[in-house]
Amino acid sequence: MPSLDPSVDTLPKLLIHNASTFGSRPAMRHKDLGIWQTWTWAQVLDEVRAFSIGLGELGLKRGDKFTIIGTNRPRLYWAMCAGQALGAIPVPVYADAVAEEMAYVLAHAEVTLAVVEDQEQVDKLIAIAERLPQLSQIVYDEPRGLKDYNHARLISFEDVQAIGRKKLASDAGCGQRWEAGMRAGKGKDLSVILYTSGTTGRSKGVMLTYENTIISARNANAFDRLDENEQVIAYLPLAWIGDYIFSYVQAFTAGYCVNCPEAQDTVVQDRREIGTTYAFAPPRVYENLLTITMVRMADAGRLKRKVFDFFIAVARRWGEKILDREKVPLRARLLYALGEFFVYGPLKNQFGLSRVRIGYTAGEAIGPELFSFYRGIGLNLKQLYGQTEASVYVTAQPDGKIYPDTVGTASPDVELKISDSGEVLYRSPGVFAGYYKDPEKTAEVLTPDGWVHTGDAGFFDPKNGQLKIIDRAKDVGHLSDGTVFAPKYLENKLKFYPNIREAVAIGAGREFACAMINIDLTAVGSWAERNNVVYASYQELAANPRVYDLIAQHIDETNRSLSEEEVMAGAQIHRFLILHKELDPDDGELTRTQKLRRGHIIDRYSPLVEAFYDGSTEAQITTEVTFEDGHKGTIAARVAIRDLKPHPVAAAKSAKMERAA
Amino acid sequence: MLYREVGQYKSSYAADMAVFPILQDRIGIAVILVIAYVVFPLIGNDFLLNTILIPFLIFSLAAIGLNLLTGYTGLLSLGTGAFMGVGAYACLKLTTIFPHVNILIWVLVSGLFSSAVGVLFGLPSLRIKGFYLAVATLAAQFFLEWCFIRIPWLYNYSVSGAIEVPLRTFMGVPMTGPTATSLTRYLAVLTIVVVLTWVASNIVHGRIGRMWMSVRDMDLAAELIGIRLFRTKLLAFAVSSFYCGVAGAMMVFLWYGGAEAEVFAIDQSFLILFMVIIGGLGTLIGSFFGSALIYILPIGLRLIPGNFGVPIRPAAAEQLTFVIVGALIIVFLVVEPNGLARLWQIGKQKLRVWPFPY
Amino acid sequence: MREPAANETALGEALLAAEDVSLSFGGVRALTGVSFDIRKGEIRAIIGPNGAGKTSMLNVVNGFYQPQSGRITFKGEVRKSMRPYAAARGGIARTFQNLALFRGMTTLDNILAGRTLKMHRGFFWQLLRYGPALREEVEHRRRVEEIIDFLEIAAIRKVQVGRLPYGLQKRVELGRALAMEPDLLLLDEPMAGMNLEEKEDMSRFIIDVNQQYGTTIALIEHDMGVVMDLSDRVVVLDYGRKIADGTPDEVKRDKDVIRAYLGETH
Amino acid sequence: MRLKLLALGLALVIAAPAAVTAAQAEDGIYIPLMSYRTGPYSGAGIAIFNGMHDYLNMLNARDGGVGGVRLIVEECETGYDTKKGVECYDATKGKHPVVSTPYSTGITLQLIPKASVDKIPVLSMAYGLSASADGNDFPWVFNPPATYWDGASAFIRHIADVEGGFAKLKGKTIGLVHLDAPYGKEPIPLLQALAKDYGFTLKLYPVPGAQMQNQTSLWLDVRRDRPDWIFMQGWGAMNPTALKEAIKVSFPMDHFIGNWWAGGEDDVRPAGPEAKGYSALGFSGVGQNYPAIHDILKYVVDKGNTQTPKEKVGEVLYNRGVMNAVLIVEAIRGAQRLTGKKQVTGEDVRRGLETLNITEARWKELGLPDFAAPIHLSCADHNGHNGIYLARWDGTKWSKASGWIEPIKDKVLPLIDSAANSYVSANAGWPKRSEACDKSS
Amino acid sequence: MHVLYLIFVDPFMQMVHSPDLLMQTLWDGLVGGVLYALIALGFVLIFKASGVFNFAQGIMVVFAALTLVGLHEHGVPAFVALGLTVLVMLVLAFGVERLMLRPLVNQSEIILFMATFGLTYFLIGFGQLVFGGNPKVMIAQDLYLPSGAIEWKGHFGFVSFQKIDIAAVIIASIMVAVLAVFFQRTRIGRALRAVADSHQAALSVGISLEQIWVIVWFAAGVVALTTGIMWGARSEVSFSLQVIALKALPVLILGGFTSIPGAIVGGLIIGIGEKLGEFYWGPLLGGGIENWLAYVIALGFLIFRPQGLFGEKIIERI
């Protein structure tokens, strides 16, 4: 196992290192008050040091847990580092979590201090204060509206820094003592606890050491040749391992610049302004962009739409080949160049992706069509397969060896194997130290010899040796006739259509496959406007028969494409319905990272599931929902069910494929 | 499509408040300047320089002047021609009295005289607005026109009663007068127009521009935020007249090379007003568009029949030109009342969001 | 969490006092002998049925109308007549019932225009827009950005205000008034025509302005609920006369007020 | 929609100037006519350009051009607008014109400085800059047959004749009704000088350009002042209005004399018979009764190659156009003679003009006997200060009412000299004459 | 001192000394004023009903007169030509409404103002294209307009009244009277006034704005034709006549943009004022001051009464 140079084996140490190596290079930017405020590495060190010492004065000490709640703001990243410098362990929490969820995590992690973004988070913490007896201090970044709050346990970020600065000024040895204390930290120390949202059950706190994350980050930087010149935009939840590694650890190890957007809804604009070179996003982000594209193009003039469609077709045909430097005819190259000028370039520009050298999609499987679309227009999009427990990187696709249906080869220093049951296992320096206060669960996942059960079913593609993930191991099932039924596979296919926002495939143990659909309000709403479909609410739109027609068409196309795949052909969707409400993390239907919680959904909507298989054409459903302000209510609806005619199976496609599967 | 704005981020307010915050626009301006300073002088014949470009630039400057008053401050003026005349006559007097000072300096200084006269005739704006104010400026127009004819001192008692432009050199190169080449004059005009346009853009993008626009958009509210209406309006008159005056001085000294008072007649005022409105009120670039359309288009129209061998008599062509220009003005107003600059903006916006429609 | 500020005790001396103000147009009397005061740091509401002379009162305060009789004391100075710009210089800012924005300008420029009085760089620096003039612009831009941030209108920073929805325009107008850093802020029906959510936002802004910047606010509002929630003291006008003056609770119980409001459903 | 229109508009704007260079002169002598058949003065312009156009075309039809070279006649419409005039000049410059006839004082003034640079002589026939009669200072500019000063002095000579000698002028009041523009004010210095010499009082009655059709108060002034004679330096719509107003104030028509731009048919026709007795200066014959005019009728008008209605041929301004064309052609002939070339250039024609000498006999040869006074130009004298006659309106038509009246040259020439000097001194750096001088033929 | 004498004493002395000249001046001023008033009337009609500041009124005068004379030149008998010209003005009114006003409805006044500029250009070109650019003689005799003058001699001198001027005054008076009756008594007239007060109100009583516009433009066209005939008979019909139309602006300033009596009174004030000014004070400045005097008179009025003589007081509501 590789180990780290002890001078840079923790993140605070890396900060000191960067401050001297990259001193005047930008470390962070934040679009605030209308412009991009920039901090160099040296300035970041200064800010972090002052805050850290201030935190020390407030009583934060080695081994304490403290939480970070808020959107991507420089000060929250600094707070992590500042705490780590004291030997305390940050426990970032999803900012959009309701107070209830927070209460569990914070109590479980026994946090003593919280650094939060604004009044909203402060309010949440105050609401659950009595359940968090250890929580002694709340530090806030944005003072707005907090002026009249009781400041007994409340202090602003500036004030903490002021304390630190005062201390530094008044106590000459303070700086050295702080640095010495920080140097006492070691690579093997626990660096962070990240609570995984978990598709099932309560969250688990994944404990990662400095070594775990730093070695993983280093390897990743080397793998993609990332250096201090990269620009990334930090917009994913702070509590997600992806953001932690990508916007924090990798930035610290490579020395690149992390940019915080002005607000969540200006991310695309802000990304465009910055021109990120390295992008990391779950498929949903790419889906959204494509949806926006299609919706807007639907409003474009006829000529423009023709041009667009034509060049997108060119991109589909030749784009990936050109990206992979394959031989293509000159005509195609010329057409593609024209397309680059007229469509692809501007499109990438609109989304701020023009300069992206490497883009990763991770967190979930991406639909192959979606993936090919982006690669077709010249975006070097790659897949990686990762887990919180692995400090992200398990596999990644090396440049030039990219396939839409695989997730790549093992990342550096990662060992991979497939268990007899088909489950993927790995072992690497990034493997976590265990679940916090949960040895039982730890033992379930982490074998004594260091292998981690991913819970995902997969196999190595014999053509290229890359790993292919089918589904959650326990989700892969069979129809009653024995046909393989991989729900996520179907769902991803469906979600390629901009009109379909979410799909839940059902069929394990049943005689055929069915799907529950969530329509995309933006896309379908725009369609409705153009087609004079009147609606007052999501529910009304979802129940519209013409919308059903629209979706039926999409599913039919999906079925046709399935019919050409021998393995999946039997799992064509026979019946579907459009859900009357959007799946929502507040109702526990999605995780905070927007993954389906399939089991929960099937439970919640069991009347609908039953209706699929008893032949009824509609079903009554009443569900409990949580509103934004936290109070609960119920909504009831009659949901129609549509039948579809499956396509005949395209016979004898490829025998090899069958063997491979 | 041409706008690739990825990576253009602003980390200072100064950059964010720049007149051309987008890189591609800055490149565009640079290209235009290169064409103006290098390409045109290289390829331009006298017709292009003297008949198209010099007048185009001069009219643009006058249009900017009027635009500052009418477009930015909302004060309608029909006296532009006369204010241009003040500049021209002031320049003549100055260079007569002080012949050794560089003529280009006098061209600029004569604008100040125009300013003073502009302020004088702006005084009624204290009490009157809109078309009523326009009539006050008409009084200026006719009174000044009368002065140009009636005060022989103004035209140096020349027998012809016209301004006769003397030869003036700059570093030995004739700038004005018969021996000055089109190229020299073009470069002088271009430089003055570029510099003054830059200054105008500075003014309108800063505090003064905001004050003017405040007065234009809602004078009561402007007063309420502490703007003194009268002073602000007078300042607009002064600056606007300065630009018109410089344009007038250039018109006589660097284009015509001599002129009768008639060229500063009411028609001139209307012509400039056309330019401003067709170009777009309250935009500097519109002044250039308006000048191009109103001045160059008729020239083009006149040339078309000859070049395409259409057998049409020049007089008929001229009359047709009137018909077409008149109809075009109405058509343009119907199609885009906010002027060519608005169309330009829309076009630019379309390019910026390409391939999306919005 | 907001603990009701103890305004009754925190109130300072009178910032502005109107004494026996009468105003008429031609033969129509708009105000008859109205006296009231606005104390430092309070939120003072002026209410009354339509045509009660509320707006006229504000217009007198900031100099649009010259009252025929009576006098106004502002910051200890007695004035008889005053031009609006002088009122602005004195620290009075104002928003209008029907919006008086500079429609052709962007949000940013509108609010920046509110800083005009605070900008001093001379004409010749303006010509260059360089050096001191640019530094000044930048400095004020920062202040304006804080206001933009405060009012949560960052997304419309560079949009022409004429194209904004009504509610946002109201916010921009408030922003412009705030940019003047006034001692006294006059709001003429700040919530007219707004939906519930917008009203809540606006109320929050008004309270925050009052709390955070310590600005004294006088507002006209129709929505009684809002008035009662926001204001420290209320003066009630009817047919140009003052009929009541006091805390919201006192006013609510006042017989004259109830009578004046009978038939008016608010 | 909007964008497409914009694109179209811009395309037009861009394409137009580009197209200009495309046209090239064909073989022949290129004579551009800066015409104004539109605009406020089109009434006069149409007649003049018809005359020029028809005479030149007649030569092409009758003689195949001049000296065997066809004349290429092309009109460029100025609308009497200085801007467009200069534009015309620049636009035609590339086709090597041999002469420029600006037909507007404003345009002339613009072209004077350009002429020597571009080597195109400017022929401004009895208009333009009076000082340009001085060939030493203005080698490229010609204004035969007479200057405005000559005209005004001829007027004075005429009234002296009528009154019975110059001595009788003493104590008389002479009014000058003039357009309030450089053109109109031109005679003032001469008349002032003469007033001093002969002891008459000069009263000025300026007509502002915008008030041309609104002269009531001016004529009330006339009525108040009761001048003995009135000379009118008028133009365009000013003339008929003045006549009508004069009639209104009962000013005696036979004491009302216009200069040669106030003596066209259109000027008097609105006043009709009531204007009977009004006279105007002229220097070219009236009527169709000349062989050359007959040729025009035969070769051009009857063939339908003209815009002139038959009855308008021979009108005052039409014939003036003919005369102007004769001057051009004679200058070309002179140039051909001097150089021996057929295809002459602007420089050659300048020499032709400087040696122009149309004697009475030559006028006859040209088929225009007694059409105009003999014209003789020289290097120093670009005008000739030739004889002028008086035409009188009889209520329906103009007819010649006097013999050739000589201008008072000894008063005019010093004025020309000083005007030329002041022009040159005002234009520091005005080029010295470098052109050689040809012997007159 | 002498200057003061010349300004303040001498002119009045002159007036007293030669009352015939004074009367003649006043009469000429009156006639000029009537013609100004007619042009201004055209402006007012259009401005009142459509809010358009019609710059083209001046060219409409020329165009109407030119059409009349031009038709006659082509051999159309005078009164037929007159009828046809009225028809042409109707067509013009329709054209303007359909092609210019309707598409520009709700635009700001300066835009409409500019559009009438376009119309001016169009009519200048079109008129010349069709009828030629040369000046024409008004067919006064064919229209049985009188010529010659009535001279009124007294012991103090004589005053000359041109018959055509007398006719002009009479016709103008009739015109104004007819318009007044039309506005006051007819249904369409009341509709016009309703539009002037409020477009909304007019719409609500079921009057089509489009019809109103056509009517006012047609009425303005007829007024223009009358003006054109009168003015053309005084000199000639040429395009330089349009400059006179600008004189209507100070008239409007004095009279207010929406008042018909204002237009008449304003016209008379300007007409008489500028004649008196030019005649008695003009020589002090070398003459020709008529050109701007009218504007300065108007400006003087404006400074004391910004809304004009008959305009309504502008009260700014906040």
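The letters A, B, C, D and E name the chains in turn, as written, and every chain counts its residues from 1.
Here is the rule we go by: a contact is a pair of C-beta atoms (placed from the backbone, for glycine too) under 8 Å apart; a residue touches a chain by one contact, two chains touch by 3 or more.
Keep in mind it's a predicted model, so treat the numbers as computed, not measured.
Common neighbours of chain D and chain E, listed by label, are B. Seen from the C-alpha centroid of chain A, the farthest chain centroid is that of D. With centres computed as the average of Cα coordinates, no chain lies farther from chain C than D. Relative to the centroid of all protein Cα atoms, the closest per-chain Cα centroid is that of B.
By number of C-beta pairs in contact, B-D leads over the other of B-E and B-D.
Rounded to a whole number, the gap between the C-alpha centres of chain A and chain E is 77 angstrom.
For the pair chain A and chain C, the distance between C-alpha centroids works out to 47 Å.
Here the CA centre of chain B is 41 Å from the CA centre of chain C. Centre-to-centre separation of chain A and chain B, using mean CA positions: 56 Å.
In chain C, the residues that touch at least two other chains are 64, 96, 100, 141-142, 145. Within chain D, contacts with two or more other chains are made by residues 37-38, 42, 46, 180, 206, 208-210. Touching two or more other chains at once are residues 34-35 of chain A. Chain A makes touch with chain C in their complex at residues 32-35, 122-123, 126, 144-145, 147-150, 262-263, 265-266. By the touch rule above, chain C contacts chain B in their complex via residues 62, 64, 83-85, 87-89, 93-94, 96, 100-105, 109, 112-114, 116-117, 119, 121, 123, 126-130, 133-134, 136-138, 141-142, 145, 176, 180.
If you check the complex, the residues on chain E that touch chain D are 18, 21, 24-25, 28-29, 31-32, 128, 132-135, 137-138, 149, 160, 162, 231, 234-236, 238-241, 243-244, 246, 274-275, 278-279, 282-283, 286-288, 290-291.
The part of chain E that touches chain B in the complex is made up of residues 53, 99-100, 103-104, 107-111, 113-115, 117-126, 128-129, 133, 243, 246, 249-250, 252-253, 257, 285-286, 288-289, 291-292, 295-296, 298-299, 302-303, 306, 308, 316, 318. Chain B makes touch with chain D in their complex at residues 45-48, 50-52, 55, 96, 99, 142, 146, 149-150, 156, 158-162, 164-169, 174, 177-179, 256-263, 265-266, 292-293, 296-297, 299-304, 306-307, 313-315, 317-319, 322, 328, 331-332, 335-336, 340, 343-344, 346-347, 350.
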